[in-house]
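Structures are listed in the sections that come next.
First subunit A sits with subunit B, and in the next complex the same chain sits with subunit C.
Take a look at the complex of A and B:
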């Protein structure tokens, strides 16, 4: 009886693994064949021998796939965007949550609602006016333009706020006895204490930023600022090159999740 | 609230200012603009606009295509929540009960969570294209599947594309929820109830309710907003416009159709829906529901 349930568990799990891995494997296997072969024989389950050829021409050649830009430059753009979004939102949220939790204020509930409202309005719902504002500020086709509107979110503030609330009151009491002012307490006590949480939120925001699709698609008109994920919509060229680009586009966030999953999950569940 | 705090002073605004400044320019201002758009009508040539009261709202409510998008969005989020929730739960229960290879399974099941919806959509596209789509031809042989023409088949296409990566998210949270259940509770229940299946539904599943509830909210929000990249890279609303979500329709009407009034009104309707969802979600974040 036990052996039967034991193998049933594994059977279901292996089926789940196949469900997740098979589609990506098929696209990967197909990306290692020539386009001619794909066009005549369809998607492939086994590897071909054009891996280096296909991937290097997508990464380093400008003409054919996109006109003025290589995939390498698009990865560079994506990294700048994702790092900018993660850094900006972690820094501002860390400070804002501190201002909300560690201060007594008259307008605290008003300010809290100001920040709470940001959860209601994802970028998709304010895309037109945001575009107008960015165009008035002359920020279309720039890194700042890619970063700023996506950083305008307070999700991270809620994570940090929740975390600060779980910090024992005695910490501030003893810091005050030592004569620490609010800035010193923040930098010397709270930030080092929040390291795991900061790492988790940073990873979360990095992946969130890297995966942005609609905003980069709308606001970049010159290829120099194209990012990887939006490039999926604008790419042309041979089919096996497209497969290669799709596979490459998912590598950075997937690696981040696989290698940093402990940190990530630990951070998210810390307050439970 | 903290018992020990700093007194309110300028330093507090120093901490709040950076975030509020970014929010002011890139969030509050666009929201105000959205409201302005929703209550004005621009003439066709963009020379002027006038206050229109609720005309834009009356317009979208009398527009059959708005109901089509509404209906699709509701069905879409319901089906995605159901499919990804049950598969995620099934896998999490199995992964929680195996003795060997737990971490290997976990690692190999969570990575799709990180992939952008647009990337998933492009991949799904290859499997559902008429040219060499494996699933297209499989389904086509079974019942004449053709999403280019049949609404139901197009639903199947976007549901599969939309569910795939979300199974991982459900798996992660259900697994964490299962691991948070105290061992003693499970051990005690083993004595009382020998049947694995009955024990799951009477003891374990009720204890998972907070996770389930949280995931329902997460899945609905995902189906409303994050699926934009999926729709835009798969059906683009095909066959007619039956597979446009509300968000996708607002974007098309505003950005492509340049009907700012209608797009603004649609955005405000969405904000109201999200408001309701977020209030529920907020109860969770605030920790009103506990695992123990």
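Take a look at the complex of A and C:
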């Protein structure tokens, strides 16, 4: 009886897994054939032998309208942008939450809700003024320009604020008596204690930054600053090259998750 | 000048609660002082003001000849052991103890020596590399103590550090704290609402009620000569018996019984107090009462009885044969009676 439900559960799980993995696999398998082969025989389940050819030509061959950029450069751009956004938004929201919770600012809850309301105004809505600001700051066509407008996260501030509120007061008091000033309390206590949350927010913001399309499209005029997601829409190469590019575009977020998940899980277990 | 002086300290919380009222106190170097009082009387508030964790509404705190009212807690050089220990959950025991030293820029080698020495003293050296979550309550307690000791502060502050331990461990730790304090000679202030802890630990006890210091004295003073009716009732277990009565020329009238106090005083509204173990039962006793209930405690027993509508208890050796419902006779020695004026609550001698 138990064994039947057990195997049934597994069957369902395996089915779900296949459903999720199969399209990715088909794209990957197809990306290892020549375009001619795909065009004549359709999508492929089995691996072909053009892997190295296809991937290296995608990575290193220039593309774009003006042939100014390679896929490798796009990955680099996307990586800089996503890392910048994730790092900056973790840093700003950590500190904003610290200020809101630990300093007796007069209207701190009003300020907090003001920050929170910005969730209702996503970048797409404020894209004209944002563009103008960036252009006045001379930041168009720069990494800073790609990163800055998306580098403050209200939702992350909210999470950190809730977490800080649950940190017992005695910890702060005890640290104070041990000679910690406010900066030390932040760096030696709050930051390590929110490790798990930092990892979660970092992953979230990295993927969010990596997936940006409209903003980089609008604010870059030279192909030098194209990102992977922009590249996806403008790849005019052969079909198997496009598949190869799609597969590679998934790698950075997956790597970040694999890399940070250890931190994440470790944190969850240590808290218990 | 004393090592620590509190001068007319008052604390009013922003919500209007007056937690401490015009309190003055001197603590000498190396002394072990215990603040005791019922819950909510302002003990913790007073302690936290000394630590610098609450600001002072009015008054002055002088530590080691410096006014420290506006000195940041991190600069006061005091250490505090909290009720829930407040260990740093993300640091190992070693780092918990070393953190305060690191902040003062002490060399690594010296920190290591000190931490190891204190860890040995407290027998926590096997756990130095563990996180606090992997320790038992008693071990955490020791780490909290160690963290305070290792800094060698001017003053140790303890806020009910034993109340989370079970009874046996509590007694053991109580003894150990006392020994440690003797050994190190650090001026210490210990807050508790447990009178046994107060009596056994303190060189001097400060009894606080409702934000006011009722009495300061050695445990013996406080027990044998309580200054106020509150102190009389608060200190001692079982509680002191208090009888409301009128004193006429040194004779207290309780129900039909007259007790000669051997003093020529007249008080209309008085209380006389007698400790349950100061009541002496004898067949020739002048007062006779009925035992309503007898509680057997092994070597001792407690008789609950009443004179008129005023209930009282006697504690005596269980060798004496009194059972529930029996009549028993006793005397009250004038020298063992405490007399209080009900209007002021103060002791009359």
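Rule of thumb we're sticking to: the second predicted complex is superposed on the first by the 249 of 272 C-alpha atoms of A that agree within 3 Å, B and C clash if a C-alpha of one lies under 4 Å from a C-alpha of the other, contacts with A are read in each partner's own complex, and residues count from 1 in each chain.
In this text, contacts are C-beta pairs under 8 Å (C-beta built on N, C-alpha and C of every residue); 3 or more make two chains touch, one makes a residue touch a chain.
These numbers were taken from a predicted model, which means no experiment stands behind them.
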Practice item. Mind checking the superposed model to see whether subunit B and subunit C fit together on subunit A or clash? Key: fit
Review point. Does the superposition put A:79 against subunit B (first), subunit C (second), both, or neither?
Key: neither
Point to revise | First (subunit B), second (subunit C), both or neither touched by A:184 | key: second
Exercise for review: For A:193, decide between first (touching subunit B), second (touching subunit C), both and neither.
Suggested key: second
Check your understanding: Counting only touches as set out at the top, which of subunit B and subunit C does A:218 meet: first, second, both, neither?
Key -> first
Exercise for review: Take the Cα centre of subunit A as the vertex and report the angle out to the centres of subunit B and subunit C, nearest 10 degrees.
Suggested key: 90
Check your understanding: Is A:263 in contact with subunit B, with subunit C, with both, or with neither (first, second, both, neither)?
Key -> neither
Exercise for review: Spot which of subunit B and subunit C makes contact with more residues of subunit A, would you?
Suggested key: B
Review point. Touching A:37 in the superposition: subunit B (first), subunit C (second), both, neither?
Key: neither
Exercise for review: Return first, second, both or neither, reflecting whether A:173 touches subunit B, subunit C, both chains, or no partner chain.
Suggested key: both
Check your understanding: So, does A:112 touch the first partner subunit B, the second partner subunit C, both, or neither?
Key -> neither
Practice item. Answer with first, second, both or neither: which of subunit B and subunit C does A:25 touch in the superposed model? Key: neither
Practice item. Give me, in Å and rounded to a whole number, the least C-alpha distance separating subunit B from subunit C in the superposition. Key: 8
Check your understanding: Across the two complexes, what residues of subunit A are contacted by subunit B and by subunit C?
Key -> 173, 176, 181, 271-272
Study note, to complete from the structure: subunit B residues touching subunit A in their complex are 2-8, 11-16, 18-20, 22-23, 25-31, 33-34, 37, 87, 90-91, 94-95, 97-98, 101, 105-119, 122-124, 126-127, 132, 134, 164, 167-168, 171-172, 176, 180, 196, 225, 228-229, 232-233, 247, 250-251, 254-255, 260, 263-264, 267, 270-271, 274-275, 278, 281-282, 285, 287, 291
**Study point:** List of subunit A residues in touch with subunit C within their complex
**Key:** 168, 170-171, 173-181, 184, 188-189, 192-193, 195, 270-272
Review point. Which part of subunit A faces subunit B closely enough to touch in the complex?
Key: 5-6, 9-10, 12-13, 16-17, 19-21, 23-24, 26-27, 38, 42-43, 88, 91-93, 95-96, 98-106, 111, 114-122, 124-133, 148-149, 151-154, 157-158, 162, 165, 169, 172-173, 176, 181-183, 186, 207, 210-214, 218, 229-230, 232-233, 243, 246, 249-250, 253-254, 256-258, 261, 265, 269, 271-272
Exercise for review: Spell out the residues on subunit C that touch subunit A in their complex, using ranges where they run on.
Suggested key: 51-53, 72-76, 78-80, 82, 84, 86, 88-90, 99-100, 103-104, 131, 133, 147, 151
